Amino acid sequence: MTEMVEPLTASVTVAGVNARLRRRYAVDRWFRALGVSAIVAALTFLILLLGTIIGQGYTAFAQSQIRLAITFDAAILDPDGRGDPAVLGTADYGRLIRQSLETLFPDATERAQRRELSRLMSPGADLELRGMLLADPSLMGRTEEIWLPTSSPVDQLVKGHTGRTAEEGGQFTDGELRRIDRLRSDGRLAARFNKWLFTQGDSRQPELAGLAGAVVGSFYSLLVTVLLSFPLGVAAAVYLEEFARQSRWTDIVEVNINNLAAVPSIVFGLLGLEIFLNVLGLPRSAPLVGGLALTLVSLPTIIIAARVALKAVPPWVREAALALGASRLQMVTHHVLPLAMPGILTGTIIGMARAVGETAPLLMIGMVAFVVNVPATPVDPATALPVQIYLWAASPERGFVERTSAAIIVLLCFLAVMNAAAIYLRKRYERRWG
Amino acid sequence: MSNSDGEPVASAKIKVVARDVNVFYSDKHALKAVNLDVRANEVTALIGPSGCGKSTFLRCLNRMNDLIDGARVTGTIAIDQQDIYLKDLDVVQLRARVGMVFQKPNPFPKSIFDNVAYGPRIHGLAGTGAELEEIVVTSLKRAGLFEEVKDRLNEAGTGLSGGQQQRLCIARAIAVSPEVILMDEPCSALDPIATAKVEELIDELRQNYTIIVVTHSMQQAARVSQRTAFFHLGELVEVGDTEQIFTNPNHKLTQGYITGRFG
Amino acid sequence: MTEHTVRSYDEELSHLNNLIARMGGIAEAQLDASIQALIRRNSEQAGKIIAADAKVDDMEHEVHAFTVRLLALRQPVAHDLRFIVGALKVSGDLERIADYAANVAKRALVLNQLPPVPPMAAVPRLGRLVQEILKDVLDAYVDQNQEKALRVWKRDEEVDDMYTGLFRELITYMMEDPRNITPCIHLMFIAKNIERIGDHATNIAETIHYLVNGTPLLDARPKGTSVLPEPPPAGEGN
């Protein structure tokens, strides 16, 4: 085209158009900058949060331990020599530790010094020895070099969380500090991997407090939740989407489900308390009941996610199946559900992730109790990970601070694993659409 | 309004008879007192502007309208003198007798074999695996697709080209041995070559099936059909031999529509 | 008829219509001029007519090319299809009409070299009748008026009658005086040409009927008295 196109109106000039174009690009750039800064802000907060938690919590994965030569003296542990577990279970293992320490520090002869010696060790160290002997009776009479947990103050000192002198917040006498230094220079005192964190239940002693009870409790609760809420949620969603005729009745159900998803979870806790504990008489503090309460919490989320996934299945799939003479159920099970499955699974796992982090309903049904034993079945008393975090965060001991963060790290890992599972399942089920 | 009512058709067998068919979607009167005879082993084209009721009528014939909330059908539709709107009639059986092919090629996201085998499987048409395979191969051959896909029956049906997908859908429909095949704009998503292949196929299938095809392409109606019915605003305006409709339509509306004189 | 949604299609159809109308106008003028040249013994005018015939041929080619283009690009149906096919046929008829008019002019050139003969007056009468018919049929075409076309179609009888009368008159003159034979034979061919023009006008009338109604004009055309013997009534079953 060689001819110039006449502008539509006199006011439209090339310069004016160019100026407006520049303004439009400027607004564009502004908006992009805004978006980038929002993401940067979000990332900063995330890094700050993770950094704090990991910075505070990583030390909890290690525990100061002292290597002692322990002689499993039959004369002390089993005077009758019959190997009766009841006798072995109540024997004085603390004396083995005291004997070993006194051999290491023969100069500690006074009562006060001896008390100082036993303050080095965790009050639960003897339980460790008992567990070893009960697991392996052949230890009787032998002498073994065994790493045993120190008391929490020693642990904090070794990790550098507290100072040595009284001015720095230290609580040790000069004698104690000397002994600790000697143990360290002998290689008998070191921070080693904290296996108790993963094998023990809760404890009043920070150095012995573990997450096993909470993890297993959470696992059982989640198991109950998955087993109940997935089939129930999918069935409800399939019925509402594929079978129910649109009517006032289904509208009411839909509105109510959407409302339920927004109800504060503590309300579900109250409901669980009333129905499961008071009416049905189920055991208090049990993961079974926790799982039931969490089912109530996650069910609306799962129903909504499943309905969205079903809605996203293109209508022609249904038409094609029905036009071939498939019944409605065949249409759903052969075609619609397989196509909706990635979405449903993603929704379910997001619902589960929400449930695993839920505290309020568990508080109401008593899963906040102090439980030392790791639950063996879903009806044993237990706590859950978020409740454990709450409990430890509320504990005054210095040793619980790092453990709280460690518990948070474990919970985050739990969530990360679940999300990874969601992505994996979605990728596996995802089909290419024609 | 139609000119074929009561007109004696001596030679051709009538397959589908629609009498005074009305369809309501909630309070919308979508199809108004339609009377139409469809002859066996012929291709009948339904033409008309969008929303004229031609697809609605098509969907009455295999009762796909039942699926729409608030849809109501009155009047009678009979296939081989059997009323398909009787209370105790089995819709699943009806849909095995009346196959359907859709606007967009819609193979299931499964293998080519499973796509064709799905209908025979759910209706239990094959006793053994060998029988099923025979049905699948025959159907693919009839749909003119076998030679193109015989080496990849286990690959996804969605991986085929658009035209192949549509022929796969036709193979899927004829695998349950229907008597009538309904096609709802079967070529609207296809390129001209694929369209030509499907049109050729429609012409061949006429030997064994009664075909009713909804189309927006007047040329297509002219090419593939023996009879053409023109719908407008829910009414059947005119039905007649395709040749007559396209050279000398009786009704002014038909004339206006096919010559492109109104939207 | 209402307009097409695609406006350029309407423009093309009206262009075709204009071509036919112009072609009809020229054919009409050629016929008129050839009769004038005959009456006035004007050889110069006759020469112009013969030269102008090429123009009508060109126009026929133009109509052909244009209809083929329309058929290919617009895929016309129903009335549009009949209109375009009709235009093709009418252009053929008009080309023949112009050809006959040129033939008349050629024979007028020859007659101008010969002494005038008395039946000279009867031929222009036939010419004017056919001219009228041609004018009416072209009007009917432009208006797409099938009643008018039907009236034209029926008037062909008059042409036949007049032509038969003229035929007898010319034979009488030739029998009277053999010197009349040469001019009379030329006049006879001129009359025949004009009668053929009437037949083509009738064809156009039939085409108009088809393109308006979509059905051919089936009833037997009213035939006037013929110079030929009646064919045997036995049905040959065509």
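Labels A, B and C are assigned to the chains in the order they are written; within every chain, residues are numbered from 1.
By our rule, a residue touches a chain if its C-beta (ideal position, glycine included) is under 8 Å from a C-beta of that chain, and two chains touch if they have at least 3 such contacts.
Here the structure is a predicted model, which means the values were calculated and not measured.
Farthest from chain B, judged by the mean position of CA atoms in each chain, is A. Centrality by C-alpha centroid: the chain sitting nearest the overall protein C-alpha mean is B.
Put simply, the C-alpha centre of chain A and that of chain B have 58 angstrom between them. Chain B and chain C have CA centres that are 51 Å apart. One inter-chain figure worth recording: chain A and chain C are separated by 102 Å, centre to centre, where each centre is the mean of the chain's CA atoms. Residues of chain B in contact with at least two other chains: none.
Multi-chain contact residues of chain C (touching two or more other chains): none found. Residue positions of chain A with contacts to 2 or more other chains are absent. Across the complex, chain B is touched by residues 245-246, 316-327, 330, 334-335, 339, 431-434 of chain A.
On the chain B side of its complex with chain C, the touching residues are 218-219, 222, 246-249, 254-256, 258-263.
Listed in rising order, the residues of chain B touching chain A in the complex are 62, 64, 67, 69, 92-96, 99-100, 102, 104-109, 118-119, 122-123, 156-159, 165, 169, 172-173, 176. Only residues 1-6, 9, 75-82, 213-215 of chain C touch chain B when the two sit together in their complex.
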